[in-house]
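The structure appears right after this line, and notes come after that.
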Amino acid sequence: MKRIEAVIRPHKLDEVREALMEEGFRGMTIVEVKGVGRQKGHTEVYRGSEYKIDFLPKIKLEIVVPDDRLDQAISIIVRTARTGQVGDGKIFVLPVEEVIRVRTEEVGSEAL
Amino acid sequence: MDQKVVLDTLWVMIAGMLVFFMNAGFAMVESGFGRAKNTVNILSKNFIVFAISSLAFWALGWGLMFGNGNGFIGLEGLWGLGGADNSPATGDAYQGAYAAISWATVPLLAKFFFQLVFAGTAATIVSGAVAERIKYLTFILFSFILVAFLYPITGHWIWGGGWLAQLGFWDFAGSTTVHSVGGWAALAGVLVLGPRIGKFKGGKSYPIPGHSMPLATLGAFILWLGWFGFNPGSTMAADPSAVAHIALTTNSAAAAGILSSTIAAWLIIGKPDLSMTINGCLGGLVAITAGCAYVSVGSSIIIGLIAGVLVVFAVLGFDRLRIDDPVGALSVHLVNGVFGTLAVGLFAQSQFTPNTTGDGLFFGGGGGLLMNQIIGVATVGLFTFGASLGVWFALKAMVGIRVSPEEELEGLDIGEHGMSAYPEFAIAAEHSYEVVESQRPSAPKPGSLPGSQVAVDVEG
Amino acid sequence: MDQKVVLDTLWVMIAGMLVFFMNAGFAMVESGFGRAKNTVNILSKNFIVFAISSLAFWALGWGLMFGNGNGFIGLEGLWGLGGADNSPATGDAYQGAYAAISWATVPLLAKFFFQLVFAGTAATIVSGAVAERIKYLTFILFSFILVAFLYPITGHWIWGGGWLAQLGFWDFAGSTTVHSVGGWAALAGVLVLGPRIGKFKGGKSYPIPGHSMPLATLGAFILWLGWFGFNPGSTMAADPSAVAHIALTTNSAAAAGILSSTIAAWLIIGKPDLSMTINGCLGGLVAITAGCAYVSVGSSIIIGLIAGVLVVFAVLGFDRLRIDDPVGALSVHLVNGVFGTLAVGLFAQSQFTPNTTGDGLFFGGGGGLLMNQIIGVATVGLFTFGASLGVWFALKAMVGIRVSPEEELEGLDIGEHGMSAYPEFAIAAEHSYEVVESQRPSAPKPGSLPGSQVAVDVEG
Amino acid sequence: MDQKVVLDTLWVMIAGMLVFFMNAGFAMVESGFGRAKNTVNILSKNFIVFAISSLAFWALGWGLMFGNGNGFIGLEGLWGLGGADNSPATGDAYQGAYAAISWATVPLLAKFFFQLVFAGTAATIVSGAVAERIKYLTFILFSFILVAFLYPITGHWIWGGGWLAQLGFWDFAGSTTVHSVGGWAALAGVLVLGPRIGKFKGGKSYPIPGHSMPLATLGAFILWLGWFGFNPGSTMAADPSAVAHIALTTNSAAAAGILSSTIAAWLIIGKPDLSMTINGCLGGLVAITAGCAYVSVGSSIIIGLIAGVLVVFAVLGFDRLRIDDPVGALSVHLVNGVFGTLAVGLFAQSQFTPNTTGDGLFFGGGGGLLMNQIIGVATVGLFTFGASLGVWFALKAMVGIRVSPEEELEGLDIGEHGMSAYPEFAIAAEHSYEVVESQRPSAPKPGSLPGSQVAVDVEG
Amino acid sequence: MKRIEAVIRPHKLDEVREALMEEGFRGMTIVEVKGVGRQKGHTEVYRGSEYKIDFLPKIKLEIVVPDDRLDQAISIIVRTARTGQVGDGKIFVLPVEEVIRVRTEEVGSEAL
Amino acid sequence: MKRIEAVIRPHKLDEVREALMEEGFRGMTIVEVKGVGRQKGHTEVYRGSEYKIDFLPKIKLEIVVPDDRLDQAISIIVRTARTGQVGDGKIFVLPVEEVIRVRTEEVGSEAL
């Protein structure tokens, strides 16, 4: 099994989630994160001093998938999360050694 | 000095201060019902609007409204409160440019202060309805025009001795003069602006929950308090029985509006939605404003009960009409401003303020008063809506009216003001919910209403 | 019109508006001291309670309290403020159903407005103590019963010319009439409800910190302001020296309560806990309420100092007794309502309001006054606590009193109202702390008190 | 009783209540402009400061300020308001220890209440400037000394019949007596304390955004409301035309200050910074305080316009001087307190309050009045700044003045009070931004000013 | 070494933490996350419109353990986090290649 | 490629970020987390009851790097995040199997 971690734009979350769920990916976990990268931050002012916020709000979507559905999931995310502008985000794939469902103690793909 | 002048002035000034404080109430209600990303903008609008009103009403508004003139407009003492005036002299002893308000036994500046806070209220009503998408500068300019020109003109008709006053149209504290005028101006703005991005998509209406219920509730309490200045203060005289009577009709209508809107929401929506309860309270207050001095306490309860139900249906109705009013300003101020004015024609009883309204339809006075009220509601609405529409379109052409979609998505706080309302708090990502199909018939198709024609649709 | 009527009415109405605004203060203090997940519910309770009170007191409460009758209950002019009344006539000139309050030189509706805001205060006191677990509907029903029946009955004894008034029991602005009555009703509710889930586990008391100190502090300031209407307004007359004297005793007691509670908390707990400072301020205000017109400024400082210390010990004590009062309402209103009433028996000086209390124990008047105060405190407490207990149990049987454990854990906002107070803010998970064993002797065992017998224990 | 006494007392007490409520306004503005981690501390300071002031001014302050004495200090009736006094007798009929304020036709306790809320304002001004690093206990001690000694001494010079009053120095409602005194005391504190950690690093000034704009805006509205008690109430008499005139000059200056500060910020910083708009409003209010009874409405607008611009430049200027004032208290109260006092010398017109100021420089009265105003501003400033500096240094030596750097980094809420203001909300990590190099010349080097000499630098 | 990532119900955190610490697991890191899965979200209303919140608040507990204590840790978490209702959460096991303690630069199990 | 996850003190974030960016690491993602470990929590009081907050606020910095820059990144973080006090945090290294840039669909080191 693999874990896909996709850092995406917050306002793209709905679209990505819906597309994934339509294709049968029923579970996922999201974290609110902040990212630095090529995308420029924005400038704020407070009482006359300007400052640049470097970290931009992003959503990290984590989804564990069986090996054979990895490519499908990635392509859904890439398709729906893309705007074409710098800052669309990245997808990381990590190996997962085991999955256990707390409720039933099922393991492996069964547990997803 | 004449004790009556002292007493009346004290009361008028204190009541005016309470009404002034309603600006804080509006700021809290509106920012509470808005999203965190637009909070600085909403606060800024509500904070600057009374400053704008203060200068606009001083510069010209007062003169247009109360200056001696014809049935449609004041013509004397127009600029900078500059007309001759020997207030607090009243009646035959009065000599000056502002005869229409010479009945009030207080100095000119006390009259001005009290009328100013009313003008400011009309302007601030607009801010809630156009929130979360309007350009800051455009709002400032509109507010100036509203208080310098539009509000005083219809105000002259009603309180400035103009044609509606002569006709026998009665609006004690301003359900029409203040609230529905604010509401019509807001409606025009909402239609020109279109709904917020994401509010209506694919035939569905997406709720956009307000970010802070404590702010909204605090604001409602402040407004309720302010109304004890608004209505009882409109006596502009320290008349014990009138002040007590009006305070009680005012309070009873608010209480009744709270109850009926809560029950209506509980029955229709399934839960006692606090935002509806708040709107119901304000709806009751707006509705009793015209008649507070003319109706019994019992009638005020009935008026409040109706107002609370009206608010709930109006909120749902505007939603189905795809008219996007983030804070319910139209349901509260426009719908109940109209209803409250008409209610005078139904519930008025001559005994409470003799030599004014006479009896209304339900108390044996026939339909004459109601007809006058209808004429007033309609003409003021037509004028204000039409003129506001013109002003909004002109502003749209000259300085633009709506922020860019990118700015709207990011929030107006960064775009317009370059700062965040809550820079340290973690704000959760928006969206990530599904609209539940309700049992209500589906909303009308996009495009069937002016509002949606001009809607920005970024998602599409 | 008689100038005195004008002046008295103006003052009574303005003071009543300040007291009205205390509703906002209670709403802010209580929601600030509650958790974010219950905020909509707390706000809703505090917002609707004054609406309920307005209607209940109008419908029946006023008549029971001030209607002519016997020593225990009003019998004339019961319904809808419907009795004959020729106010503002006073003394022998008065003719009507409400003779007990005929001394006030103001119109009937002004009397009603002022008394209404007091009745509303009693009801709103309950809401804080029962917060975070009570059903919304049950709270609404209890409030109605409290204001329509219970509060007016003891009110009749004290302010309606009833047997306590005749006995020589003195409670100028309502330490007993309003505050301890609210407190007893709250205590009964707390005992029937039991503590919040997670408050007491395994012999330990777990702190449940309030979610917003700014709201709580703002609320305390609003309450302090409101008390300048509550106490000085209870003159119901624009009497310059009385108003000034009472404002000063009121303020001094608040200031002293702030200081002594802060110092007590600093010494006992180790830190100047702001929530204790706030409770200390309110405790001082409650304690001076009965005697504000009867004691010297110096005495008011002493009363405030004692009240502040009492509050701290009461909060700690209720905790050890496993009585769960999220906002400290019992420590503030019940404990100091009782103390303040007794303090009249100790600190009263005849010189400040001649022909009333006479001198108290510390000023050479002997123990007679104190004895009367004890009788009043005890009988009012017994009646209100007993009757409230009955009402709470009846409501429990008929509509249920407590939300389900699941709902309580998820928060009443979703369960009762279907909405969140702060939908956009990231709320951190609760718990994840350990209780530090303190040097204080361990709490009594579960089950040793009524409160815990009826407690829901989901964790167990 | 004399009707004038009744009327004047009512007005003075109600105005005093409005001024009292300014404490809530300061608490909200200051906590809104501070960081979440210091919020409990800021609220605690603002809450306890009025309690301290109440006791300090009662114990000694009042006597030093208004007691009969010499040109520099009161000497009679010093302690506990204990002097003989037959108020509300006035003029020749007055007999007592407080002759300087015998012109006010109200009871002694009403005078005291009104003056007390002013003394409290001076003390609370300090709290904002020293926020986010001062020890709680030290602040409490300083407040006591300020209200018991420093404020009353200069107060005696001006309002207590002292040498400045005799010279012909005019400060109607306290631009100098209250606001600049608070400002000078604050400046001394800021210099002794040094800037907050992280505010100035490597020649750059780092913005430290306030954590809640809704709180700050609410506070500003409350202060604005309170000013309608502060200025019009300073008549200490229910004088209709004076009250109305002063309310209007007060409001106009606030409105003008809002506009000019918003425009200035828009032009200079590039965005209409809400925190500047709020400071501009307060700056306008402070500036009109001295002259509100002496200048025309037109002049008040000009004074407000100047004040709003001054605030913006002052905020930027203090920043460049590396004087760290988290809330802009110096720019608002000190700078505009001075400006407003001088403005009397420029804009006063004898017609508004005859037999006082005479005409100012711009209205043909020559420079004499202006010279008196300059002398007053300078001597009061010298005394208060010097004495405060001494007190701050003494406190620093005895109890310490600044929390440890660790505590400051973690937040004073945990360190001083052991609790969090928002325990449930997720607070985002600070920092993680870069300061943008602006077009303004770089800041002076560290060490070039007293403030930075004593600065704690933990990062270095 | 392995990293256990357990997505659990927020109100179970205390119990899980205490059980882990009692068994000698002294360090762990938690993140507030939101999860979609089989568990149904709840419905909210605002001004008459109903909407379903799909993402439910969860806690993700991350704990790095030596290989030989992996099973023990998992069984503690499963035992304490379980309520038996849908939504109890999942445990993922990921490989960890290295651990370094910042303070001392110790590596491997020493660093835990 | 490897993913470095560094749990550090929040007020060290600026320094770590700046040092990494100076050395050419241009992208990273941070999450606000809470940690338990050897570092003691602090005690709060509320209405007379004392309680200890066990979880302390930390920042988790996630940065994916090519294998050959792993040691450099680790040493930068160790250097800048250290204060020498208990609670400085830990660095975990996890294997990453794939990286994809959403905008361009570049993969591998190109995508970083």
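Labels A, B, C, D, E and F are assigned to the chains in the order they are written; within every chain, residues are numbered from 1.
Note that a contact is a pair of C-beta atoms (placed from the backbone, for glycine too) under 8 Å apart; a residue touches a chain by one contact, two chains touch by 3 or more.
On a predicted model such as this, the values are computed, not experimentally measured, just so you know.
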Touching both chain A and chain B (chains): D, E
Chain-contact steps, minimal, separating chain D from chain B: 1
Contact-richer chain pair [C-F vs C-E]: C-F
Distance between the centres, which are taken as Cα means, of chain F and chain A, whole angstrom: 18
Intercentroid distance (Cα basis), chain E paired with chain B, Å: 51
Distance between chain centroids, defined by C-alpha means - chain B, chain C (Å): 35
Shared-contact residues (touching 2 or more other chains) in chain E: 17, 31-32, 34, 43-46, 50, 54-55, 94-95
Contacts with 2+ other chains: residues of chain C: 3, 7, 10, 14, 209-210, 212, 218, 269-271, 273, 275, 418-420, 422-423, 425-428, 430, 432
All touching chain pairs, where touch follows the definition stated at the start: A-B, A-D, A-E, A-F, B-C, B-D, B-E, C-D, C-E, C-F, D-F, E-F
Touch list for chain D against partner chain B, complex: 3, 7, 10-11, 14, 18, 35-36, 209-214, 217-218, 220-222, 224-225, 228, 232, 238-241, 243-245, 247-248, 251-252, 254-256, 258-259, 262, 269-275, 277-278, 281, 297-298, 301, 422, 425-428, 430
Residues on chain D engaged by chain F in the complex (per definition of touch): 409-410, 414, 418-420, 423, 426, 428-432
Sites on chain E touched by chain C in the complex: 10-11, 13-14, 17, 32, 42-46, 50, 57, 59
Footprint of chain B on chain C - complex, ascending: 1, 3, 5-7, 9-10, 13-14, 16-17, 20-21, 23-24, 27-28, 31, 39-40, 43-44, 46-48, 50-52, 54-55, 58, 80-81, 88, 106-110, 112-113, 116, 136, 212, 215, 218, 416-426
Residues of chain E that touch chain A when the two form their complex: 2, 6-8, 31-38, 54-55, 58, 60, 74, 77-78, 81-95
